[in-house]
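Chains here go by letter, A, B and C, matching the order in which they are written, and residues are numbered from 1 within each.
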Amino acid sequence: MGLRWVGWALGAAVALALPQVLPLYFTHLVLLTMIYGLSAMSLDLLAGYTGLTSFGHAAYFGAAAYTVGILTTQHRVPPALAFPAGVAAAAALAAVYGLLATRAVGVYFLIITLALGMGTWGLAYRWSSVTGGDNGLPGIPPLELGLPWSTADPKHLYYLILVIFCLATFLLYRLVRSPFGLSLRGIRESEGRMRMLGYNTWLHRYVAFVVAGTFAGLAGSLYAFYNRFVSPPDLHIAASAEAVLMVILGGAGTLFGPLVGAGIVVFLRNLVSAYTHRWMLILGVVFVLTVMYAPQGVAGGARALWARWRGRAVTPPVAGPGKEPVAER
Amino acid sequence: MSAVCLRTEKLRKHYGGLRAVDGVDLEVRQGERRAIIGPNGAGKTTLFHLLSGEVPATSGRIFLFGQDITRLPSYRRTALGIGRTYQVTNLFPRLTVLENALLATFGLRREKYDPFRAAWQHRQALEDARRLLEEFGLWEKRDWPIGSLSYGEQRQLEIVLALAGRPRLLLLDEPTAGLSPAETQVVTRLVAGLDPQITVLLIEHDMDVAFQVAQRVTVLHFGRVLAEGTVDEVRGNPEVQAIYLGVGEL
Amino acid sequence: MQFWLTQLLNGLSFAALVFLLASGLTLIFGLMRIVNIAHGSYYLLGAYVALTVVQATGSFLAAALAGSLTVAAVGVVMQRAFLSRFYRAEQAQVLLTMGFSFIFADLALWIWGGDPHRLPTPRALAGSVDLGLTFFPTYRLAVIGVGVLVALFLWLLQERTRLGAVVRAAVDDQEMARGLGIHVDPVLTGMFAVGAALAGFGGVMGGPFLGVYPGVDSEVLPLAFAVVIIGGLGSLKGALVGSVLVGVLDNLGKALFPELSYFTLFVPMAIVLAIRPTGLFGRA
């Protein structure tokens, strides 16, 4: 048990020291990892824990980002208000889309979320008068919250986002260990059985959908203030697919796995883009390879190894006093 | 005279041309142990699906303690006191034994919506799960994944899940299927030892178990009730004997 | 009146394209329960290959053939070498097709560049037809005609031929079909190839008026999905009805409120979802 606390302390120390020690370039990458990691973790809630793989997750990320963009650049709304407005917009979108998407499960759910995601992209792309169309919305101001340090400096923004990220991750962590989180896994494993145990499974799925969209919106709002620019590619199916890849690469249903997956994708993309334009090709190849050879992802594989290691150390169970063994071996 | 627990009125389930359940009138009193028997394809499991609400009826009505539940979804029926086990083991494959039991004990509690406190911090639900698992000797294996349990233990966990909701009506679908004679005895004793207030409907192919446990028997054939009565009455019924000729001993 | 006729015909010609795409998609899904995300990139590849061939040979016919066959070949490889390894693992198959869609799209970008292109209209079908009320491009009328012919052909294939019966048997019960000595695997691969060829053919047909450019795959795919959601996955009739609906509405939308037109295409999809989640003609 003590080991865990040392691990957390070490991680915290690294996270805090990072921008002071490493080049700015890395700070940017870690920042992006936190933002996309949040989005990927929220997708994991839906895909990994509830068993509902959404191919339109970028819609909520993008809706929040665009809301921030529109409010700050077109209506002079102060960032401190635009930020929660973005999250609220994503939540509202998820609430509406969720009513449609939860009518279905399995592959139907997949294609419905895909269609809804691209439909939202179409809105961002064509509704030029509001969204800036192909050009997007440049000039988003920094997220000034009245703190003594200006978040125009990426190092300061890093700490702000770190705090928000940790808070959000904590909430998600509690959620997946809660009875509600357990119910989602139950639905993933056998929805019929859950209904027979008394669960209104539609309601659980819907709530999970909206919660996932809300956290994706939180990531999107952060993204808008980090990138200071939002454009249609942020909601494109490619963005949604990247989120799915992050979840699978990291390990679906592990919550922190997708964070690792996000890190891998962010770093890989930056590395690849320095040498070639063919990032999408590499993304596709990584996708195919992961599905074929590492479907459990990094965290999933680690868990399997851990379980096997522990399995060898488990002592055989002992029947309680006065109780006969109930099954033949 | 005890109350009527379950009553069905001309219950039907048609799949296009196939009449899986074809006008079943059933009346089961509270505390009764009723065996539902019949050859394969007679409609027994379909009947259970209709009673549990997992399959909507084509026509007819179902009453639970006088309340019309025909239109209610399965999770509402569970809240009203129906629990069931499945012919093909229907557990939560990638979860541990304890998690399976907890899902069952949370099922009818408001706490299942709690998004913040850890599941095992909910004392009552955990206690209920512990009690049930201990009764079946599965508590020591609570952290084991389902796949590590023997088939017999899995079937027992099935019953744990069904009992967790404190049902008034228990639907057991072939609880001894695939079990060894020793394991079958355990289940038989268990069912016999259930709270006498609980009404039990039991689908069984194993006639020994059925006749040991049940007071009354309903025989289904082609979706209809062929015969109904006490164990001896049904045993002695020539029609019933005829359909079982070559299928097994009565 | 003239406006409405033009809109209707525009919509129907677009519907024909969408039908080519959606019918292939629904065929593949109905048969193998594979949701082929790469279907949009099949459209893209078909159009690009046709572009190269027509630029080299001047023959639209050769281009159409080349486009369709190339995509069919790609489909065969994808299905045999990759998808068939994941029999019944639906999610894995979808993810694989998603990966492939990125590979194909980026390869196309690499080979043909980022500029938008338009396939030249075949000379025989150039010009316009006098329909009394208005003039309408001959080619687009031809596309409608082709769409109708393909629909008829597919229907006949499905309902009236021995091949159709074999396919339906394979769909209903693969094990049984195998047990009866029907070679299921070549049938599945063959049908996948047909579905892919339809998409590629759609790309060729759409080349002269929709054009081909990076991103067209991501734009048409959701439309095909909207069609199959409306019509019901696995239903040819559904694909036809859905395509007409989507095609006509798309044109109407573009004419009436262009800024929201792509988004509003998904409204009928939403309505159908709300009322009949499995689609108008779908089986669950």
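Going forward, a residue touches a chain if its C-beta (ideal position, glycine included) is under 8 Å from a C-beta of that chain, and two chains touch if they have at least 3 such contacts.
The shown structure was predicted, so the numbers you read here are calculated from the model rather than taken from an experiment.
When the partners of chain A are compared with those of chain B, no chain appears in both lists.
Closest to the protein's overall CA centre, chain by chain, comes A.
A separation of 41 Å divides the Cα centre of chain A from that of chain B.
Each chain gets a centre from the mean of its Cα atoms; for chain A and chain C, those two points are 32 Å apart. With centres defined as mean CA coordinates, chain C is found 48 Å away from chain B. Residues of chain B in contact with two or more other chains: none. Touching chain C in their complex are the following residues of chain A: 53, 55, 99-100, 103-104, 106-108, 110-112, 114-116, 118-120, 122-123, 125-129, 236-238, 241, 244, 248, 277-281, 283-288, 291-292, 295. Listing the residues of chain A that touch chain B in their complex gives 174-175, 177-183, 185-186, 189-190, 192-201, 317-320, 323-329. In the complex of the two chains, the chain B residues touching chain A come out as 52, 54, 73-75, 78-79, 83-84, 86, 90-95, 99, 102-104, 106-108, 111-119, 122, 125, 134, 136-141, 150, 152-153, 156, 161, 164-165, 180, 182-183, 186. Residues 29, 33, 35, 37, 82, 85, 90-92, 94-96, 98-107, 109-110, 218-219, 221-222, 225-226, 228-229, 233, 258-263, 265-266, 269-270, 273-274, 277-278 of chain C are the ones touching chain A in the complex.
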